[in-house]
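Note that the chains are named A, B, C and D in the order they appear, and that numbering of residues resets to 1 at the start of each chain.
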Amino acid sequence: MIRLRDVNKTYKGNVVALRDMSIDIAKQEFVFVVGPTGSGKSTLIRLLIKEEKPDSGRIWVAGKDIGQLSSWKVPLLRRNIGCVFQDFKLLPSKTAYENVAFALEVIGRPPHVIRQQVPQVLDLVGLTKKRDHFPNEMSGGEQQRVSIARAFVNRPLILLADEPTGNLDPSTSVGIMRLLDRINRTGTTVVMSTHDSSIVDTMRRRVVELDRGVLVRDQARGVYGVNA
Amino acid sequence: MAVNLEYVFRETVSNLKRNVSMASAALLTVAVSLTLVGGALLVKKGVERATVQWRGNVELSIFMKADASQPESEAIDRQLKSMPEVKDYRYVSKPEAFEEFKKIFANEPDVRESLTVEQIPPSYRVVPREAEQTKIVGERFENTAGVFRVSYAKEEVDALVSVTNFLQIMLWGIAAVLLAAASLLILNTIRMAIFARRREVAVMKLVGATNWFIRIPFMLEGLLQGLVGAALAFGVVWIGRDLVQDRVAGARNDIQLFKQFLVTGPDVMTTGFVLLGVGVFVGTIGSALAVRRFLDV
Amino acid sequence: MAVNLEYVFRETVSNLKRNVSMASAALLTVAVSLTLVGGALLVKKGVERATVQWRGNVELSIFMKADASQPESEAIDRQLKSMPEVKDYRYVSKPEAFEEFKKIFANEPDVRESLTVEQIPPSYRVVPREAEQTKIVGERFENTAGVFRVSYAKEEVDALVSVTNFLQIMLWGIAAVLLAAASLLILNTIRMAIFARRREVAVMKLVGATNWFIRIPFMLEGLLQGLVGAALAFGVVWIGRDLVQDRVAGARNDIQLFKQFLVTGPDVMTTGFVLLGVGVFVGTIGSALAVRRFLDV
Amino acid sequence: MIRLRDVNKTYKGNVVALRDMSIDIAKQEFVFVVGPTGSGKSTLIRLLIKEEKPDSGRIWVAGKDIGQLSSWKVPLLRRNIGCVFQDFKLLPSKTAYENVAFALEVIGRPPHVIRQQVPQVLDLVGLTKKRDHFPNEMSGGEQQRVSIARAFVNRPLILLADEPTGNLDPSTSVGIMRLLDRINRTGTTVVMSTHDSSIVDTMRRRVVELDRGVLVRDQARGVYGVNA
């Protein structure tokens, strides 16, 4: 489903974010990406949705070499990928409902489908009461859950989640992880970066560890810290 | 490009509502700058009308010999009637011409008393269709039998033609400059308004929106701003014209000259359509161009 | 209000650099709209100058009786010399007047031949200091001994006075409207630029910045934008004037009339200072007002 | 140092964020504020810096009733409080260095002091190499640390930290907690909202728990979950 070969990414100012990264992620896999702050987790996710381009190396997503993708096809790529951004990236002038609905409008779903699915998904993340709140009228955790709802409302092939529980309390986090697990079981490949060791340790899924841009560990049914 | 119409309208309306501050700023720019354009266009129209009147009053006089025969006179009459360049003409008989002469020299009895009716030549007063044709018309008669002399206040005619031509060009120039300035200002404002929402555009792209999906609501928004702004400008211009018109109508006679500047209802309507066209065009295309910069994500 | 100057300058420069897009948009608005104002001011100046010349050419004629005595003539001469309202005058003797008469009727020998030198009255041609004073000056001589008639092309003078007055008022109006429009557009743009940075302002306040601490760099930024924008506008106006000047100077004689429109270097400089003043004032105060809205956090 | 009496805060749309909250926090105390997402933790912090006003009740900070504070004195209040915002609130057109320096410029510190202190603080949070990066050129955790550095660079009386470790990996979090502890020991009152149970459980400081805006637990040397 996802394949990277010798991918390098250096930001301006000689900041190496990823170095010679190669990895294969199969369909329906659930992968945790861990690593200290600034180790390149978000960069990896940005490369997968072509928000950034690698300096060298090739990336395949859903069977397509995204380096070869013409720019008008990029939206099609992104519609197959749901993405929870670390900084949420909600549309500030849309309510929670509208933010989630937007992901469906983008792929041309008819209004009656939208009216049916969005409330369902908002209910799943526990935000039914906040549906008409704008992002700046919600708590951090609520915004994060809107972002999660938006990412999977259109049942993407791949779900990328960049620290989706950073602003959630442990019990809400557990709920969200159950949700992600359920989504994964219905056939969606999930790649999730996280700092939450208890989540990684209880889920026991494949763990990929980055350190200063280098893949230092790739462990099936792994734990958060190698010393844990 | 298959974009849901319902989505587009809902999106546009909510964008306008939720970005009221920026949207109204753009609207204001459209309104103010198109008001200037509209004002210039109306003044241009007014001067055009006045010019037509001024030029319409240009005459040439064909003085007949005092002893010109009836057939000679009739020949000239016939020729004048047949010339397409001649808008109007009339015959001034000897007694009429003498009356005129006496009026001109009313205060100078010495001069007035020195001539008799018989000495004053009769003449044809000819109004050409175009001021520029005065000379052409005149020259035709210069060597005709029975004609004593063709007199066209040559200098005055030339001056009038070149002055009005110059005025027209100048006013075209002013209108063009104002139009260019207005377009620039509107584009600039739209660019600012969209710049302020560039992050939003980037997020939309990251969520999988195509360029057209993002662009169309922005364009519709620009279209509406252009339309409403132009309508406001039109309203201001209309009211402005009425105010000026009232003032001029109520003024003393001695600025009668300016009455010729007056513009008609249809003139104002035409100007209105120009404004709406410019507003809509610049608003729509400007939005499309402005948003373009932020679509490469 | 004790704000570190070094901080203010560094902050202003880096704001301008890092918000280049918005800053240059505001600059563009200042430049374009002040160019319009500058253009209007110069045209106004030009018409003013032309008006002075036109009005300066207004004459009245005091025709003497053909049999007026030498002392009578001298008395009038003396009185004219002593009147402050009289700018200039000259005596047109009988032979001179006759030459003039012959020239006027050069094409009409019948008329020309009908008068002798003796029949033509001599006259004083008087140029009053102000066109409005023409009548006052003339009336003084109407019943003076030896005077046959005072002739002032009354209608023409009245028309000229009212036309030029009207033109002046109209151009003042246009300049004022353009100035108001420019100020509005500039304010509007500045408001947009600051609106786009409202979150930044809010964050500054949350970190403990006082209102003046935030406001001063914004004001300095507005001042610089106003200054540079006005300078650009000034440059455009200057070049525009030179272009028009060259064209007019190179043009044929028959638009000699427009040479009277020419504006001098000092006129342009004055306009420049007005533009700079407006730019700086509106830029600075506009920024202060615009940022105000976002300081209540 | 901080005292709330019967404070109520309801947002528009009848969202009760705080209900009849009364609490005293002494000088030099270290208080964790915990509670599920949307329970009012951030609202409490916003009230303390007068970003929001309570509907009823009174609040004293550093001995002053901040409800009575005239608006031009609000900046003075805020200069005595360092605040780490949940969403960082960095100035996007300033680099890491400039963001931190801004907090000193605001209180009129001379340039030579700024040039000396800012690098020190950046070093403490491990961002020396990122000093010239703009916020959008930093990872989530790096931005969060800039926000932390800015909050304590001017040695405030009170440090409010809203989930300051949400985007940090466990070992960096431990580093930041050591830093906050040190700052607390030098006399600064620290109020920190968090979802990180391991931090709360290892620090064993006073824990205040909110639930739907109601103070439900106030425990000295407490732990994160009452059932933990």
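FYI, a contact is a pair of C-beta atoms (placed from the backbone, for glycine too) under 8 Å apart; a residue touches a chain by one contact, two chains touch by 3 or more.
Remember, it's a predicted structure, so these values are computed and weren't measured experimentally.
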Steps needed, at minimum, to go from chain A to chain D via contacts: 1
Separation of chain B from chain D, taking each centre as the mean of its C-alpha atoms, in whole Å: 67
Centroid spacing, where centroids are CA-atom means, of chain B and chain C in whole angstrom: 24
CA centroid of chain A to CA centroid of chain B, Å: 62
Category of the chain touch graph - line, ring, star, complete, other: ring
Which chain pairs touch, all of them: A-B, A-D, B-C, C-D
Touching residues on chain B, where the partner in the complex is chain A: 2, 4, 6-7, 14-15, 18-19, 200, 203-211, 213, 296-297
Residue numbers on chain B that touch chain C, as the complex places them: 21-22, 25, 28-29, 32-33, 35-36, 39, 66, 107, 110-111, 114-115, 119-121, 149, 151, 158-159, 162-163, 166, 177-178, 181, 184-185, 188-189, 191-193, 195-196, 252, 254-255, 257-258
Chain A - residues contacting chain D, complex: 11-13, 34-38, 41-42, 86-87, 132-133, 137-142, 145, 162-163, 166-173, 195, 197-198, 224-225
Residue ranges of chain A in contact with chain B within the complex: 49, 51, 71-72, 75-76, 78-79, 81, 83, 85, 89-94, 98, 102-103, 105-108, 110-111, 150
